[in-house]
């Protein structure tokens, strides 16, 4: 079982690299040789597609975890670029700072002005540090809350893109009340009288995710994950083996399908063939279609109904039995 | 603390030997170093509410291991044996110096006081009952956080309890929370931090991430009192750090003020 | 003209010290000598009272500034102790810290549960540093705002004791948005649907004061001051003479009487004979009487009326003429 | 900047000599160092709103020196001569890329753009007109703060303008503020900081206290960019620092989004 994203993708990447090499030869080759190359390329591509179909056709919880975390997976700003027009990024919590791990702004989706928030990961090392690996600090959640309140004030829907391993657990986050910030994020989302839609596009990491995720509709990309704890953390606690992430991923049931089966999310958005990173544009189209459809459904409701709906939705979550006669 | 004999025990903090009777009379606070030792939910109920007024509700709620998580059923059984309850949160109605409250108390001895579906449901019902009867909600936390054995269902309890708190807030119904040792992670990051007034016992562990994780993640120095009640007080997260012996009267006063117009 | 509080009070203090010395002699003296001493004391006391009457009878703006800043003047917690029962001090802004220059809590005045906030100065050097000389930082105003919101939620009146030279102007206050915090304090006070009463007990220093001062009723103690800028600051800017505070105090019209004449406050609360510091208990009684009277007046109004009243009150402040035909 | 001749001038920031025509075409932004030089309120109106759409209101409002403050009347007259206006704030209605707004623009050349009764009144009326017509309010600040020559009356303008902002907020009417050089003290600590969206020009001085006062009061290091737009942006107080040439289009987009449901 692959332990890392690169281990998991390597055979595919090798194949794709080979195909690219052959393709580079075509223009330089004589006509008959070129035709032969084209045929070869076609064969390899078929092979790759079969490989992809097998590999991505029945991903297990751990493989999805790897895909959800892939460093070439589309991030929040990629979706913003793909589906949002008239984008204006807004910054700052008006309290302490501007958190680069949490983006926020105003933009139109299908012509509808919305407030958009979301965690942002970085693709290269420098960007990753700049974005704090997508781990927002208190000021990130407080920026989001400022946006939620603005959305409520001006009747704008909220679209929340979730992609975070966790909220930032560092000493400075603790000192400024990361717990309070997450709790307040949920509280704010339960208060707004506008449609709210969360889309989990990669990692839905615990409190860091739900802090901007308590929405009227919660959608998950096919290969995203949503979990109360990172599988490695769970493995470390339960079995003292942080490397048993695959085992924990299975136990935690952190896939979109599991979340849907448990009634905790509303819809799974399909990714492009072979994962969102293989065709970000196509995946973004799917995201846009789903978001707009849910948005149009929600926009007919009045403020109270939207609030009541949200309350009822989360109030019903939980599985237990009532056994009035207590016996040990 | 360690039991030395029936008559004596040793404080786990300062290592001093204490008279058991005095220790109990002291509400399990060390007479030497002042350390507030953990107490059971039943003991908490006894020392907090007016005698005989606590009426337990939902005692029968129990987890049904929805994820079929490894070893979860065994842990639930162990917790039940340790506490005589089905889950980590006990809830009911009670009086505090003559004022009615909707109350919940967590027991750390049940799976580290963790919050799964049952705890989340009981907290939500505690707040909802407060709203319905227009009386304050009073909750004592003692928890390591969300219960990972219920996976995403546990995470959703954060949202569920936060929703209830928001509703109480919108309806002008007060919620007072008392942080006891420990109050961590998913509970701190949901209903606990949404209380109108937060009191904490001295020296309780209060934080988001395990101290090891925080230290690894952080670039700065880890302060000596990191993730204690006192640290959180300094950083504006807690209204008052209150000695166990004074909690009852402080709570009564707060509840009295906040419900003046209910 | 006295430049400092000690310079101003010295003759009085000398006299009072002398009286005390004579009084100490009485018990040890033989009966006839004692009677003589008593008579002497009585004379000195008469002298002191006359002196006081003259000195405190017609205080100018600068003298009031000195009295308002006196280090033995009663501070916020002195009034809390004198007139509030069932006091529970609450702490923290739930964002960053707990500001010791701004106290907050719950307590009863005349049996009415209230939210109480106020700047707190320190009496000795250590306390003064602990209280940051009564200069609140952003977290102080945000603590107050948390209290205003709590008051609004639970229908509790707000009593705001104002006693600050200014909001803290330091680099760290700036970095956390002291301006935003003050503005938000006013905004919050304009939003609450409960009676709000501000009492200026010492220095009503500019933005630092109005940040917790935009209330339905604004009362001033007889020798308190209320100003857009400290007189020394004004003198430094206008005449490049920070020592011309007395001149600036007159120009700024910062006394309670001026504020009342301009219609900017509602009432002047009398202080004990010779200033609030001479009889804090009596002064506190006067404060209590005035606060309770205004509170009972305001408590009959509903939420909307309280808000509308507050808006109208501050909306009307300002003196200008409309001269439609503009000519230079 | 210093005028060298009619055709040239020198940038006060980088000391480079610039072509006057190019400098004006550049909206008074130095082509060499990018420094945004101050512009008059009339110029601001010209480059921000759709041509000919600005309709001035309350041009006749003027201060009557209520405190009889030393030298105040002379200063008012000097300001009037410098700007052709009675006070530091010009207000009216305008269109921005076809969208109607209630607008106000401060002129630093009138007594340092300070806010007395007239400026406060005009700002309040700007916000109130926005509420009445349900159109966004757009305000450009340029001010040293409250006008001390009107004493406590000036302080009360902070409350008055804040009250208007709160009302707009409660009624769902947007307010966008643009900080230009400088935006200080009593204005920053009242309506300016209460805007829903805050834009700022690069390098503007933005702060509460004079830098000297801050440095004296503080224990910490004064950062190099202290009290600039960029500093305030880093500290979360400003939504975006926008080049003068992009302000109009950015404003138009923000106004468009925020008034989508007005």
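First chain written, first letter: the chains are A, B, C and D, and each begins at residue 1.
Definition applied: a contact is a pair of C-beta atoms (placed from the backbone, for glycine too) under 8 Å apart; a residue touches a chain by one contact, two chains touch by 3 or more.
Since the model is a prediction, treat every value here as computed from it, not as a measurement.
Measuring from the mean C-alpha position of chain A to the mean C-alpha position of chain B, what distance in angstrom results?
33
Where the CA atoms of chain B average out and where those of chain D average out, how many Å apart are those spots?
Distance between chain centres: 51 Å.
For chain B, give me the residues that contact two or more of the other chains.
In chain B, residues 169, 193, 235-237 touch at least two other chains, as defined above.
Can you pull out the residues of chain A that are in contact with at least two other chains?
Chain A, residues with two or more chain partners: 94-96, 176-177, 180.
Graph shape for the chains shown, where an edge means the two chains touch. Line, ring, star, complete, or other?
Looks like something else, not a line, ring, star or complete graph.
Pairs of chains that touch, anyone?
A-B, A-C, A-D, B-C, C-D
How about chain C: which of its residues touch chain A in the complex?
Touch residues, chain C against chain A: 94-96, 138, 142, 176-177, 180.
Which of the residues in chain A end up touching chain B in this complex?
167-180, 182-184, 186-187, 190-191, 206-207, 209-211, 213-214, 226-229, 234, 237-238, 251-254, 258-259, 262, 264, 310-311, 314-315, 317-326, 328
For a test of understanding, state which residues of chain C touch chain B in their complex under the given definition.
Touching chain B: residues 86, 88-98, 106-108, 112-113, 139, 143, 150, 153-156 of chain C.
Residue numbers of chain B touching chain A in their complex, please.
58-64, 66-67, 69-71, 80-81, 84-86, 117-118, 120-121, 124, 146, 148, 150-160, 162-167, 169-170, 185-186, 188-194, 207-209, 213-215, 217-223, 226-227, 231, 235-237
Residue numbers of chain D touching chain A in their complex, please.
169, 172, 174, 193, 196-197, 233-240, 250, 253-254, 256-262
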